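The next part holds the structures, each set out as structure tokens.
After this come two complexes, each holding chain A, first together with chain B and then together with chain C.
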Partner chain A sequence: MTQRKRTSNTQSSSQSKRTSGPAATQEEDDDQTFTQPSTTQVQRGLEKLTPAQVDQKTAEVVQFFLVKDQKKIPVRRADLVKHVVKEYRNIYPEIMKRAARIFDQVFGLKMIEIDAKNHMYILINKLETVEGASPITNPTNPKTGLLFVILSVIFMKGGVVGENLIWKTLKNLKVDVGEKHEEFGDVKKVVTDEFVRQRYLEYTRIPHTEPIEHEFHWGQRAEVEVSKSKILAFMGELHEQDPQSWSQQYQEAHSSTQPSTSSQK
Partner chain B sequence: MQDEDDNPGIRREIRSKYRELIQSVQQNREDMLSPSNNKLTEVLEEANKLFKDVRQSREAALDAQLLVVTSDLGKEKASQLAAEGAAFDPTAFTEHLLSYMGLNRLNDGEDEQPIGDAIGYLPPDAWHKVAQRAESCFRAAPSFHYMMGSFHAEPPPPKQRMERQRKAPGKEVKRIMPTQLKKMGGSHQEATEKEVERILGYLKTYYQDDPTSPISYYEFVIDPKSFSRTVENIFHMSFLIRDGLARMYYDNYKLPCIAPVEEGEVEAGGSSIRKQCIVSISPKQWKELIEGYDIRVTMIDPSNMQPE
Partner chain C sequence: MARQMGDSHRRFLQTMMANGIVDEQGARKLIAHCCEASNTQHNPDKLDDFIETINLKLQPMFMQITKGMSEDSGHQFYALVNMAETDVTRMSSDYADNELELFRKTMDLIVCSEKGNASSTDILNSADTMTTKKLKKSETEHLLNRLVHDKWLNEKRGEYTLSTRCIIEMEPYIRTMYQDQVKVCHICRNIAFQCQICENPTCGIKIHNPCVARYYKGRAEPRCPACDDFWPHEIPEVRRPKSQSRK
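For the complex of A and B:
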């Protein structure tokens, strides 16, 4: 694709977190020679296709996302272009814009780019969960409980925690990393592999440690999907304490950067 | 004064004390991090004393290493300082959570209840209970599933086909004896795995005999008596490299060398740089290498499984 490098203010972007960057070689490296088409290119591309064709392609993208979301693994733009969009890649931004609208209006979901560098997307719910609102109660996944415990500890401890503290905490809850657990199986794999791939957690090496030790952070998905204020509220219930007594955590949970505050769309 | 500076005994002592300090910091990490003691400061004071006697660069290097390790720890310790607000105690948290989950405590009337298995048992839906409460903290998209389930997939192709495909890579090498191969049938894959392990054994033995001396790749794989065995050795060697059990590198003369990988040296699927290459060898090159390296005897004994 011979294309002049352009800054992305010419691209129509509906995703909330797309950072403006050059549509150039960085993406080529990541996306197998996919470079973001300009608005004029998109226009020309649209003229050559029927509305039905564009709708069909959009529907395929939506379906791809929904199925990928079953395992909560983020969708890579490269995969999307390679397997679904294919020859329609010249109108890629338009397709994504329409897909985002469908998610928003039909499904009540938000399509978010959690990694602007590697172009990875996830779906989250637009609406807050209200307890007891639905007569249908989906079977709960116990892994959510496990993840919740880990995220809570990380948050209450200021955002980063050494892995030994997590293993110790889980052990107190009768989840022994060294043994196969009845509900969770290979706990270490679930925590350091599955949750990390889903972007709920980040598991990174601590430099200069011998033997090698790691630490946990909240992952990119957790940052947009999980409500810190609700975690803090639950902490308050459990400890029979006022959530405000943890002043630092309270401040962070209610800061304007949090996605769940009503000031955000 | 001069004697002290050069006395190798004293130099050694200083280096060994440094190493002790470094080890004690690394192995007692949690202890050092605990805000309840001053062990880290003590280590630094000890290091300060030692440093007065440092004269040579080897000792200074160890001092620098100790500094790196202790400052990492110092950074972590600092970040653990709770500023304002109530402290968060993970142990108290788990206690409360266990009660929430409906822990049935064993009340034997004993006063001491140690944390651990003796404390009681959790009901089967314990984690579901937590999950239910936790779900409201997530704004996860509900998972999409087809109402009628997905289509019924075809059963996988029968096993024979898979085995026949695996024979292909070895075919060129074993062309001399095709009839015997057909009899081996399904155990071909096992034979390869065994051979790969055997070769790993050789590699480790040679390496352990002299860890400082690099093992030349060509000297290792070439069997001067048999070209076909040489190719097999190359083939099996590639498995070891693919699986991260051995690594290949260039020595000072830009010749390829191999060494086994220590456990823990490479993280599985980790960030280490992976390169792919294709190795080929012709009978002519094989002869040239034998001459060039003066290879008289094979480093890998032919296994007695191979019919000759």
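For the complex of A and C:
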């Protein structure tokens, strides 16, 4: 998968979806040549194929998603069409509809389009995370803890934070960005590259800063996957305060746009 | 009679996807946990039914939760297997082409060995004949560590064997790829790497160590089930799963 560096977008808005930078890559061009077939076209396309063929293609799409999702890499429609769907592109909407149903019914996952312009999808968990008690300990990724701290800081600070505060916070937790960390290696790379690519964070230039400074926002994946109320509850425990004492954050965390209104701790 | 797929099944499947393999005891506890989490009734004796419900839905995606035995302990394990892969491409998202080549070479050594293992020295030497970008010694060692960590290989005192997960996942590939060399257990009919062999030159059947333990348990004089010759090897003890305290 080719990496593309996003040119920064200085208009930031934490709620609406981000528009992409001006530099278009080959994959974006491929995507632009793909036009969604109409319903009649899909119908006609389906008539020419056997059910087995359509099922097979759907299975391939599901596999593709699951493999990418393992690494938390969003799936780009252009890649999907080019490498998997291929000549079945005329029934693309039908395949996606079936795949979404499979993710929902078989895996308990939800397929979400996090970028309507560039058509990028991720899978998120529909099932509530049950605290503790799982007899099978998942190979917990230590980076999750790191990410959680950063997301918490950003959230508590109203949705955007200058990078220096993040580096300072991490340093206080003995994670020094300047040094190679035993667990995380190149911390700066993990935070500004890996987490950004996975769409957990956004790392954008602050204009007119000299030397260049950046700021962090929550990424599109974090917006749909991470529960703000859980973060607030965690903060409450950490500081031994009632989460409601942060009234603004509490309001935001319990607004109707939140991913999960969980009654569980 | 398979139930309808519910959240308890989905939760179980998600855990399987994250872990790759789970032992039978763990699977039982996981099912209980998943059913509890979604407030569904749970019958502890119907482990296979529960998994069958999931498998019916996984079949169109060429995936299955397959049962297999550890050659070490003889315990049963469940692994989530991709049936469509006919090669080591199962691992291809995690490993580079040259790393996969070395893994295949390691598999060659293990399959063709008598004891179902390969020494680190032999593996390092096999890197010399790589056709893709050659791996340096340190890279090979690093790769082997990763393979152990990702549960594809086991390592003991410098000797590498195929992990239970690897054997379950790659069985079709191994059977096809190594059909002449691969050993098959006479008792359970699965492929066998670490096993005992009948010393009768006209017989030569193989039996997994744990299968030997179970087959000859309580028998005074062990005899080969195929040719009736005396079975000369040491009969191991049957290993019971560790008894876990109930929560």
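By definition in this document, the second predicted complex is superposed on the first by the 227 of 265 C-alpha atoms of A that agree within 3 Å, B and C clash if a C-alpha of one lies under 4 Å from a C-alpha of the other, contacts with A are read in each partner's own complex, and residues count from 1 in each chain.
As a convention for this text, contacts are C-beta pairs under 8 Å (C-beta built on N, C-alpha and C of every residue); 3 or more make two chains touch, one makes a residue touch a chain.
Predicted model, so just to flag it, every value in this text is computed and none were measured.
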Chain B versus chain C as contact partner of A:Glu179, first or second or both or neither: neither
First, second, both or neither for A:Asp55, with chain B first and chain C second: second
Per-residue contact with chain A, leading partner among chain C and chain B: B
Contacts of A:Gln70 with chain B and chain C, given as first, second, both or neither: both
First, second, both or neither for A:Val106, with chain B first and chain C second: second
Touched partner set for A:Val226, first chain B, second chain C, both or neither: first
Which of chain B and chain C A:Asn125 touches, first, second, both or neither: both
Touching both chain B and chain C, residues of chain A: 66-67, 70, 107, 109, 125-128, 138
List of chain A residues in touch with chain C within their complex: 55, 58-59, 62-63, 66-67, 70-71, 102, 105-109, 125-128, 130, 133-136, 138-139
Of chain A, residues touching chain B in the complex: 66-67, 69-70, 72, 107, 109, 123-129, 131, 138, 140-149, 152-153, 156-158, 160, 162, 164-165, 168-169, 172-174, 183, 206-213, 224-227, 230-231, 234-235, 238-239, 241, 245-250, 259-260
Residues of chain C that touch chain A when the two form their complex: 5, 7, 10-11, 13-15, 17-19, 22, 26, 29-30, 32-33, 37, 54, 57-58, 60-62, 82, 84, 93
Contact footprint of chain A on chain B as seen in their complex: 26, 29-30, 68-69, 72, 76, 79, 83-86, 88, 90-98, 100-101, 115, 117, 122, 127-145, 264
